[in-house]
Every structure is written in C-alpha cells, then in structure tokens.
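A, B, C, D and E are the chain letters, set down in written order, and residue numbers restart from 1 in every chain.
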Amino acid sequence: MKKLVIISLLLVLGYSLMNTFSDIEFGKKREGISSYFLEHSPDDLQVANTVTAIVVSFRGFDTLGEVTVLFLAATAMGTILFRRRSKHTGLNPQRKSPQASRIVQAAGKLLFPAIMILGAYVFIHGHLTPGGGFQGGAIIATGFLLLLISYRQFKVEHKYVTWIESLAGLSFVTIGLLGMILGPHNSFLENFLNVGSLNDLLSGGVIALVYIAVGFKVGAELTGILDTLINIRETGDID
Amino acid sequence: MNQILTYSVYGSAILVMLIGIYAVLTKKNLIKIVIGLSIMDSGFNLLLVALGYIKGGTAPIFSPAVAGKDVLMVDPVPQALVLTAIVIGFGVTAVALSLVIRLYRKHNTIKIDEIKTLKW
Amino acid sequence: MIGAAIYAIITKDLIFATIGTSLISLALSVIFYLLHAPDVALTEAAIGVALSTIVFVIAVRNTKRYEED
Amino acid sequence: MVANPILYIALPLFTAFLVPLLAKLWKPLVRIVPGLVLAYLAIMSVVLMQQVSPEKPIIAMIAGWKAPWGINLVFTSFSGFIASLISILAFFIWLYSFGFKKVEFDDAQKYFILFMLLTAGSIGVVLTGDIFNMFVFIEITSLSAYALTAFYKGRDGAEAAFKFLLIGSFSSIMLLLGIAILYTYTGTLNMAHLALLMPQVPMHAKITSFLLFFVALGIEAEMFPLNGWAPDAYSQAPGPIAASFAGILAKAGIYALIRVSYTIFDLGDHGGFELLLVMGLITMVVSELVAMRQENLRRMLAYSSMGQMGLIMIAFGLGTKEGIYAGLFIMFNHAVIKSLLFLASAYLVYYTSRKKISDLDGFGKLLPLTSLLFGLGAFAIVGLPPFSGFWSKLSLLIATANSHMEFVLATVLAVSVIEIIYYFRVLGRLYFRKAHKEIKVRKPTWNSVVTMIVLALVIIAVGVHPDFITGLLHNAATDLADKADYIQKIIPDLFSQTLN
Amino acid sequence: MNSLIILLFILGGGALLSYFAFLSKHAFGQAVVWLVAIASPVYFFTQVAVGESFSFSLGGFELALGFNHYSWVFALLIMVLSPLSLIYSTGYMKSRLRLGTFYFSFIFSIFGMMGILMSRDLVSLFIFWEIMTWASYLLVIYRGKDVEHTGIKYMIFSAVGAYSMFMAIVILNREMHSFDIATVIQNFGNMNAADQWLTGILLLIGFAVKSAVMPLHVWAPGAYTNTPTSFTAVFSGGLSKMGVYGIGLVLLNLYSHSDFSQVGIYLAWLGAITAVMATFRAVFQNDAKKLLAYSSVAQLGYIVAGIGLGTELSVFAGIYLAILHGAFKGTLFMAVGAVERQAGTTDMTKISGLIKNMPWTFFAALVAIIALAGIPPVGGFVGKWMLYEAAINSEHMFLVILIFISSTAAFLYSFRFLFGLFLGQQEEETAHIKEAPAVMVVPMILLSLFLVLMGTFPGIIFKPIAAGMAELGFQGVPWHMSVLYNMWGDSVNLTYVSITFGTVFLLGLVYITLIARKGTKHKLSTKDIHTAGEIPKPEDNLNYSLDFYKPFERVLSPLLKHKLDVYYNEFGKGLEALFNFMRRIYTGNGQTYALYVVVFLVALILLSGRIFGI
C-alpha cells in the first residue's frame, strides 16, 4: 500500500519533470554563456580542452569547492569513524582476512606503476586532452586501491598522504591568492603566467599548475578515504 | 524521430532518478538507501549531460585536428557541472557509508526503522 | 542501465546490488562518451565504476551482506 | 587585497588545508590559527561593511572573468550583512570552543577543520553570485555539518547525521534539477543574468524550477515539513556547533531561499511570497507547539529555533521592504540569541550529562553565571524589552499589520505566548527550584564565559539602543528590495542591452 | 539632563546596582536599596513635575516621555507606596537567598510602572509594560512555590494581555502612521469602525488582565499569594493600578469620542461581577494573605466598574478608590507580611490574638481595614459613596445591587481578617511572638497615616485627581457632583467629619488601652469547643477561625462551585494533548522525513496551479 502511494507520488513527480524537460529538444543548440567559453578558451587562455578551461578558470571557484568537498569527506570520515591519523603506522598483524592470491599480487605489482603513470599523464595533460585533475587523481587512487587489496600488509603512509593533500590544497589556494597579487585584474585564481600557445604542454598558464595540484590532492584524498575505510576494522574503536 | 529521442533520453534519465528515489523511500536497509542516493545522482548526471548535447557537435576540445576549423561543439558547461556533481556525489556517498558503518557498530543493525532513538 | 538500476534495488544481496550500481556507472560512462563528453566519461569511469563500488563493498563487508525484511 | 570578499572563502580553506601540517609543527597552533583567521575575517567584515552601500556593492571576480561568464562574489549591503554576521559569530564560536577540553588533540584538529569549512561554506553561499557555485557551497556546508553532528562518540550523533544526510541529499538533487532547468532555458548560471533572462523562461518550467529550489532550500532553512533533521542534529551536535547551526547554517539556508525567491525568480508577487508566508506560518506554529512538549532542553531549543526560522520566512514572505527589514532583524537576533542559548545550554545540559529539563532544578545556584546568561537569552528570544528580540518582534508586527494580515499577526502573537510558556518553564526550574541533590557541574572556562558575555552584551546593547544596527538593516533591506539595481550593478552591459 | 530620564535612571540603575551589590556583600545591597528607596521619591517630589517632556528617537521610532495630570495621580501613588515597601522589605526578607534577584526585580518593576505612566507614545508604553510584567513575574515565582501553576498562569495571562495590546498598537500604527498617543486621540475618528472595535477590545483585554477583570482574573489570587509579601503590597496596590490606568486611558481618552466607549458599561458589569464573586471567595479563605488577594481582585472590580460607567462622578470615584486601594491594600499586605515574618504563617486558623504582641501592626491594619470597609474617618467611605451615587445615577439598578452586595460582604472578611489575626484570645503557641522590627513597622504606620491624611484632608488627593480628570476631558471639579458634598455645603469639607470621627476613635482607643484592658481576666482556651461528644484529636484544628462563616458558605456553595480555573485547566490539557499529537509528526525515522520531502514537493507541484494562479 505504502509502496503504491510512493510510486504514484513518483509518477506525478516524473510527469512534471518530463513535462518540463520535454520542451527542450534533445541535441538542439541553444544560446548561452557556453559560446563565450568556446570562444575564449582557445583564444585567451590557449587551453584546448574547454571543459578544463571552464572547470579551472571560468568556474575555478567550483573546483576549489569540489576539492574542498573531497577533503571534507576524508576529514568527515575520519571524524565519523574516529580514525586516529597520527597513531596509525606500521603493519597490523591482527588482520584476519586472507591474503589475496599470488596472481592478484603479481598483477597488482605490475599494474601499479602503469596506473600511476597513466594518472599522472591524465592530470598533466588535463588542458589538452580529456581528463584532468579529478580523473588523474581518481586513477592514482585506483592504483593504491589495487595495492591495498592485493597486499594485505600494505599500508599507506599517512604522513605522506597528509603532507601531499595539505600541500596540494595549499598550493591551489596560494596560486589563487597569487593571482590576486600578480594577475591583471587582481582577482582570485587569475592567470598570471604566460599562456603559451594552443595545444602545447606548457600552455594555459596557471591552469596546468592548478590541475596538477588538484590531481595530487584528489589522489591523496581518495587514497586516504579508501585507506580509512579498508582499515576501520583494526583501528575502529567505534562505540 | 527527434521527439522520440528527446523523450527516451530524458525519460530514461528521469526514470533512473525516480528508481533511486523509490529505493530511498521504501528500502529499509541503510546501504540500499545509500545505493538509492547514488542511483539518483547518476540519473541526474545523465540528464544534465544529455541536456548539453548538441547534435552533430564534437567534444569541446580544440585538439590539433580541429584547430582553426569552425566546428560545432557540444555545450561544455553541463559537462563541467557534472564533473563537479560526480565528485561531490562520491564524497557524500563515502560519508554516508561511513555513517552506516558507525550506525551498525552502535545499533548492530542497518535497518532504518530500528534506528530511531531520537524522536519527537 | 535502467535494468541495472532496477536490479540494484531489488536484489537482496548487497554485494550484487553494489555490482548493479557499478554497472550503471559503466553504462553511464559509455553514454557520456557517446554524448561527446569524454571528461565526464573518464571521471565517471574512475570514480563511479571503481572507487564508488569499492567503497560500497567495504561498507557491506563491515556490516551485513544480506538485506533482511 | 587586504579586504576582499574572496578572502572569506580563501582564507578558511587555506587554514583548513594548513591545519594538518600545523599539527605536525606545534600542536596549539591547531587551535590558535583558525581563531586568528576568523578574527581577521571578522575585522574585515567591519571594514567592508563600512565601504559598502546599496549604491556601491563590492564585486570580486574570480579568475578575472566578469559576470556572467565567471563566478563572482557579490558583497552587497544585504549579502554583506549576513556574511559579516556569520563571520563575526564564527569568531565567537571559535572563541567558545577554544578551550574545549573534552576533545582530544586529534579530534580538535578535525573539529577546527570542519568548523572552518562550515563557516567558509556558509559565507560562500551568501556571497556567491552564481547559482551552481551556491550549490557547491551548500554541499560543503552540509557535509561539514554532517560530520560535526556525528562528532561526539557517546551520543547518537551518527543517527542524526544520517537523517540529515538523507534529507540533505534530496536537497542537493532538487537543487541540481532546478539549476538544470534554469540553465537549459537561459543558458546561464549567474544569478543576476538569470534574473534578467527570467521572463523568457516558460511559465511551467519556471514554476517547477522554483518549487524545486523552494523545497531544496527549504530543507536548509528548516521549513516544515522538511525539517525532520533539525531537532536531531541540533540536539546531538556539540554545543558550539548547535549554536553555529542556528547562527550560521540556518542563516545561509534562509539567505539562499530569500535570494532565490526575491532576486532570481519573478514569481514573488504571483504567489511565491504567499507560499513563503504560509509555509513560514505553518513552520512556526508546528515547531513552537512541538517545542512546548519537549523534555529535552536541546531539542526544545532546536524546535524553538525552527519556529524562529518560520518567523523569518513570514517576514520575508510579506514581500514588503518593511518585511525584509523585520526579517533581517530577526535573523540577526536569532543568530545572536540562539547562539547564546545553545552555548549556555551546553554547560547546563551536557557537561552535567543531564538532558532533561526536569533535571535542571536549582542550577541557578550551581552555575549562576551560565544560568543568568541563559535566562537573558530566553528573555531576549521571546521578545521582551529591553532586549534586542523585542525590536525585531516589533518591526515584524508592524510590517505584518501594514500588510493588512491580521490573521498572521494574531497567530504570531499567539505562538509567542506559547514560546514564553516553555522558556519560562525552564527558567522557573533553573532558578526557583531546589536542586535534586549534589550534582557535579562543570564551571565554564574563561573563554566560553567571555563569549557568552559578549553575546549577552550585544543583546542588551541592541535592546537598549537598536540604532546600532538599524542603519545596516535599512541598507540591506533597500538593497534586497531593488532587484533591477542588483542586476544592473553586476552585469551592467547586458542589462543596458536588454533595456535597449 | 531631563528630570524624567534621571528618575528612570535612578530606578533602572538602582535595580542593576542592587543586583550586583548583593552579589558582593549583603550590606552593600541593603545600602543600595535604601538609597533607591529614599532618592527616588525625594527626586520625584522635588524635581519632577507635570508638563516636563522628553522626546527621542530609538530604533526608528519617535518616542516621547512626560507626565500628564492623569498619569501623575497614579505616579503619586506609586512613588509613595513603592519606596515604603522597599524599605519594609529590607526588614521583611529574612532569607538571603537570591536577594539580588528579588531587589532587582522589585526596583525594576517600579521602573516599569513609572515608565508606563510617563509614556506618551504606545511603543514606550508597551516596552515599560513588558518590563513591569516580567519583573513582577520573577517575583511571583521567586519563592519557587508552585512555579508551574501560579507562575505560568500569571505569565500566560500577562502575555495574552500584553500581546493583544501589541496587536492593537501595531494596527493603530498602520491607521495613524504614528505611535503618539496624542495623534491617536486626534485621528481616532478617521478609522473605520471595525478597526476601532478591534483595537479597542484588544487594548482593553491587555489592560483588563492586569486589573484582574472577570474572565481574566484567575491568575490574580495565586500570584498575589505566592509573591513575597513585601512586593505583594506593591503588586496589588500599585501594579494592578496600571491596568486601571490603561482602561481609563483607553475608554476615557483614546476612544472617548467614538461609539466604542459604550463598551465601558459592559466592562462595568464585568467589574461588578468580579467584585461580588471575589468578595465571596475572600470571605471563606482561611489564609489571611489569600483573603487579601481575593479582596484585591474584588476591589479592583469596583474600580473598574467605576471607570467603566464613565460618568464624571463614577470615574472620579474609580480613580479615587484606586489610589485609596493602593494605600490601604499596601498597608494590609505589609501587616500580613509582618505577621508572616514574626509568626511564620498567615493561616488565620493557627494564629490569633496578636494584638498584644504586635500592637503597631494592628494599628496599621485597623486603619487600613477601616478604609477598606468604608467607614467614615478614612477615605474609603467617600469613595464608596461616590461610586454608589454614580451607579444609582446611571440607572443600572442591578449594578448598584451588585456593588452593594459586594461591599457589604467586604465587611465580613474585613472583620474576619482583624478578628482572626489580631483579636480574639491569644494562644500559648503564639505568645512568644514579638513586634516586627522598626524598618517594617515604620513604613506601615506611615502608610496608614497617609490614609488618615487622605481622609482628613481629601484636598491633597482630590485636587490631582480633578486635574487628571480635566486631562481626560471632564471639565470642572467632579466631587461637586456628589450629594455628599452638597449636603455639607460649600464651605464644609470632609476635614471636619474626619476630625470628629478621629477624635471619637482616639478616645475609644485610649479607653481601650487604659481602662478596658483589664476586662478579660479569666483565660479560656480557644480550643475549648463543644465537640458534641466526640473527643477532639490533637491534629484537629479547633481554632475558632476555622469555618468562620460556615453557614453562609453553605448558602453560597452552589454559586462558588464553579471556578473559571477549571475551564482554563481543561482547555490547557486539551491543548497539551494536541501538542503531544503533533510531536508524533517527528517520528524519528529518517525515511519518513525523506518521504515528507517528496510528498511536500509533489503537493506543491500539484497545487502550483492554484498557488501561482495559472
């Protein structure tokens, strides 16, 4: 009975949403600010990937917020699961679950450097090709995930994770603040470097730098989150 | 043709969202609820990207192949927004799951209607 | 994708449900690629397919695997 | 550079990222540095508030892109007032939690990170001129709020946080849907630009979008029946965090609601304001009636807080400039007074591990100063002169009467009677009953005493001489009421194009 | 600086100062209280005068202060009564617990009252009104007895009253674009009739609560009883007069030229009924303080009846009785307080024959009772006479009967009060009781002398009242209207009457003290009562004061059975049940909350057509 009511409610909701969106023809070009972006991204910023230009420059503030959300999620999980970051070092012998098989371990060992390189590539080339800080960071985190799964005794050294995430975050904000000092409009996150030319690796000015910072940050953040979750059983003195 | 495509693309995106909402509203299991939330987000992401699609457009990247040419590109803004939304959604999911784990440790259950110490 | 979504919410085994969500993400990722959104596709693939799933799996392992009524 | 609205966001984020490193250098820095930053922001607020006027808002571009292409922070008399309120309050809440002995070092680190982010997120919601950016900041705010709700181990924080998260997720998905609708019809995300292009959005899309925004932001603004999370979160969070929920989080939520219904949509006069008014009325009545029957002090305060939010919605729902003025005044008062009440109640309730109101008998003698300040807060919140709450109530009633809404007027007053009853019931117990037996109480630390006394002094000062802030409120009200002016100040080129 | 502000400053500052002084040292606190008690009346009588005004702007409102002749009358009463009670309470307050709070609230409520009287605009009137209310609330619950019932009841009724006033004020502002009382009076006629009635009724409710008129009086007996007696003197004597002041203001000043003033007669009826019912209740109280509490309600009923009738004479009588009541009820409460302090109880069935132990207190009480009962030498007689006369002239015969019944019945409780506490035979248990300390006795005596003075030289109070009446628009000297006056001719005033009566009275007193004292030599136990064969047990209270008017009570029992209290309580319980039901909305299940969100959204979508009018 309850389910029926809920379904009918959802139908009404779906109908009205559908009603709203069906007026928008699929695949039709519309006017808006995006044309400005498509125009200025290659011209003013010399950034090939417009999405990157939007994410980092036009809507750079969103990205800062996003990075913060991830940082926040990592911190929040630590808070919620009462993870003690500082006390946690070294191997943990009480681990009950069995080791992963040899094959997995070997594959993990082999794949890890490759994944790392892929991740780094993705975020370094964020302004040229699809991908960027988030994607690269996530890929790096997957690499660590592989190690965490295959090697039970593998520990992410928290000291480094903390340093990396903090420094990466700080450099993001610092780049932004430098923009306020050095940039032509004195505004936050503004480009103050030479933008180079389109489709060069060293193009886009601060965008590349920001994305690298984002990549490190996201990678560290996601690794931290995974590590927190995987290791809760040992450390979690949850009430 | 276009009309059908419009309805089917948006319709499926909205349907995915509604399935998510349905799971959140009816499932008693906390993890199922979180799954529902994540499905909801997926549906929305699809919807937003679909809204930004332009027929015959290319990916909004000025790669050497398209440089200098006048090409039609899909709307990059929804993509940027979805990027943000995905990351935020992941953050929320992770936090939600850690809350679920903690609730399980405390109440030894993950049924939502057994966890209501705080009420009225 | 819709099928995966429905499967994810009706199955009682939470691990399978998790795999269902992962399938949704995978499908989504492909669709994003088709919609000329490679950035989003990449992100969805990395975060939605890999990380999200693993987070769910860990959560299930730390709680109960089966949904009970 | 030294005083720039960007710093409201940048500095707290910087600090939040910095704190884990500071922890490795010298541990007390973890407590001190956030305070210094917040103090700087508070001072900056004062400076900026003197520079800003309705004619001359301060607009900060991000990455050198002008609106509507880039994201802008808009520090107007209205948004600036709320942002200043939040930042100054955040400083005092920091001061209060500075001692915070109960928290171990490692937790303190997280606590301050989360608190900084909560503050930054809320100020971001208030200052940003971009609707999607507002969503991001709302997420930051909510996530830190979830974590802070579940901060304490011994309480049922996780349960409260989960409920909060569940409803919060609905809020974000609705917000996103609303944004998606607006974006597809207008092709822009800047609020001023949206407002400018709003007439071209078809009516049904406009309404759906508005309703989605309304519900999503109503959740943040604790509107009934969307406020199920609020009492749990308020009662389980640490004392200073409950105070910041009332003073910071809820303020950001109601701000967003107001901004959306006043500036972005042009539905206000076609029913939007009435809707806000009616929902405010229902929120107020239900919350206050439920508060009446609470046994738990913190829950009572939480419901009362929701009632106040309803009052604010009523004020803004009137849609007149007087109403805005009254609403802002109530926001100010609610932020200050409710913070004081929550901060004082932390000592009354949790440090004695007693939660029920009936356990509070005779605390007036055991904790004289805290009880006195609590009493003062209670007097102020029910709107008795000579405390600041009176003036806001007076201005609200004048605005309501001038809008010819006798029914609303009578309801607000009737509910005020109920409010008086339950607050005074607590006071009666605190002061005029004998204590059950010897209870070990915890004496407030110097920093919390200073915080509470400062808040109390603000209450009294504004109560005795409201002119301290009426000027600011008038400016803010003028600013919000003039929508065209807002659009023109932010996107002058596009605005003049549209006119021609 | 303006003298009005200085006066307020003395009171307000004194209140704060006393709070902090008591925190540090008891003696400091006492000193501050004395200082305020002496400084404020001295300053008031020497520096403050009618016509001074002070206007300022606060929070965007133009506020104005200043006495007019009408409020001056009440200010006189407050400034005589309150300082005396303050001094009295330095002796009365035995326990040192929370003295700071006590004196703070005490002085602050005086501050509030003076503020009300000097307000020339509705906002400041309301501010001071609220201040007075909460300050007095703190005193009502001060003893911690019955906080949940009496205290909350007082607060509820006060809040209802205050807020209905508030509503009226803002609606008036809407119509007049001003809070200024003078403006309101001037433009009142321009308002439409509905608003006139609405605001008028609301304002009256507000003031009627404080003056304890019939359906709104239930807080009064409990509150008067629970308050520390030294404040009850001010509470019943002065604070309740603020309600009277307000009713006068509304009926005779603001609304005097509109149809609304017809309401006055209904108010008069209510007042008269209140008087009768409360008097009957007072008669059957065993507790002296409670008796006085009910009597206060009854007397306020008269006063309201007088003001409600709205003729020159009746208003004059009302105001005069109000002043008089302040003085004599103040004295009586002080006397009861003295007994309470010395004997530990005010239960008339436990103590008796205190005349020997506490002669001064008895003297003060006697004078006050004479005033209350309306026996000539003291002013009460004049007031009652004028009230009868006015009522008879107004041709509401039943009203006259009511007033008459109640004032007759007042004799019953007056007698019982005197007899129960002071007269009769002394019992051994009470033999050790001593006279109250001088700080208590002197204010009492002073106040009773003030009563005598008012009776003897009525000019001192008649003149200000006449001036006040002129302010309200009644020209001429109203007491000329009185038959009383005409009978004695122009040149004779009450002085001679009073002197004659006074001389007789004094002679009688001398006779009693010097000669008749020897009278009762043989001592009978008061408990030697016929018990019709049953052996009295020790726990049986056999004091003669018990069931003093039993037969009368039996006759009236059907009338007294119905207490309004009960209905209010039932109403309250019903509300509580409703609230409890509403609490269930918050089920505690997160999913339900999420469902609410969706339901709400869907409901809004479905209703969107209606909401947005498309």
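FYI, a residue touches a chain if its C-beta (ideal position, glycine included) is under 8 Å from a C-beta of that chain, and two chains touch if they have at least 3 such contacts.
Everything quoted here is computed from the prediction, not taken from an experiment.
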Touching both chain A and chain B (chains):
C, D, E
At the largest C-alpha centroid distance from chain C we find chain E
Relative to chain A, the most remote chain by C-alpha centroid is chain E
Contact tally winner between A-E and B-C is B-C
Mind having a look at which chain is the central one, using mean CA positions?
D
For chain B versus chain E, what separation do you get between their C-alpha means, in angstrom?
68
Determine the centre-to-centre distance between chain A and chain C, using the mean Cα coordinates as centres, and give it in whole Å.
18
Using mean C-alpha positions as chain centres, tell me how far chain D is from chain E in Å, no decimals.
43
Compute the distance, rounded to whole Å, between the mean C-alpha positions of chain C and chain D.
36
Multi-partner residues of chain C (at least 2 other chains):
37-40, 43, 47, 51, 55, 58-59, 62
Please set out, as single numbers or ranges, the residues of chain E touching at least two other chains.
583, 586, 588, 590-591, 594-595, 598-599, 601, 605
Two or more other chains in contact with one residue: find those residues in chain D.
132, 136, 139, 143, 146-147, 150, 158-159, 161-162, 166, 170, 177, 183-184, 189, 208, 231-232, 290, 293
Judged by the touch rule stated earlier, which pairs of chains are there in contact?
A-B, A-C, A-D, A-E, B-C, B-D, B-E, D-E
Touch list for chain C against partner chain B, complex:
1-2, 5-6, 8-9, 14, 17-18, 20-21, 24-25, 28, 31-32, 35-40, 43-44, 47-48, 51-52, 55-56, 58-60, 62-64, 67-69
If we count contacts the way the header does, which residues on chain A are in touch with chain C in the complex?
49, 51-52, 122, 130-132, 134-135, 138-139, 141-142, 145, 222, 225-226, 229-230, 232-233
What part of chain E is in contact with chain B in the complex they form?
583-584, 586-591, 594-595, 598
Sites on chain B touched by chain D in the complex:
17, 24, 30, 33, 37, 40-41, 44, 47-48, 51, 77-78, 81, 84-85, 88, 91-92, 95-96, 99-100, 102-103, 106, 115-118, 120
Applying the document's contact rule, which stretches of chain D touch chain A when the two form their complex?
1, 4, 6, 9-10, 13-14, 16-18, 20-21, 23-24, 60-65, 68-71, 106-107, 110-111, 113-114, 117, 120, 124, 128, 130, 132-133, 136-137, 139-140, 143-144, 146-148, 150-151, 153-154, 158, 161, 177, 181, 183-190, 193, 202, 204-205, 208-209
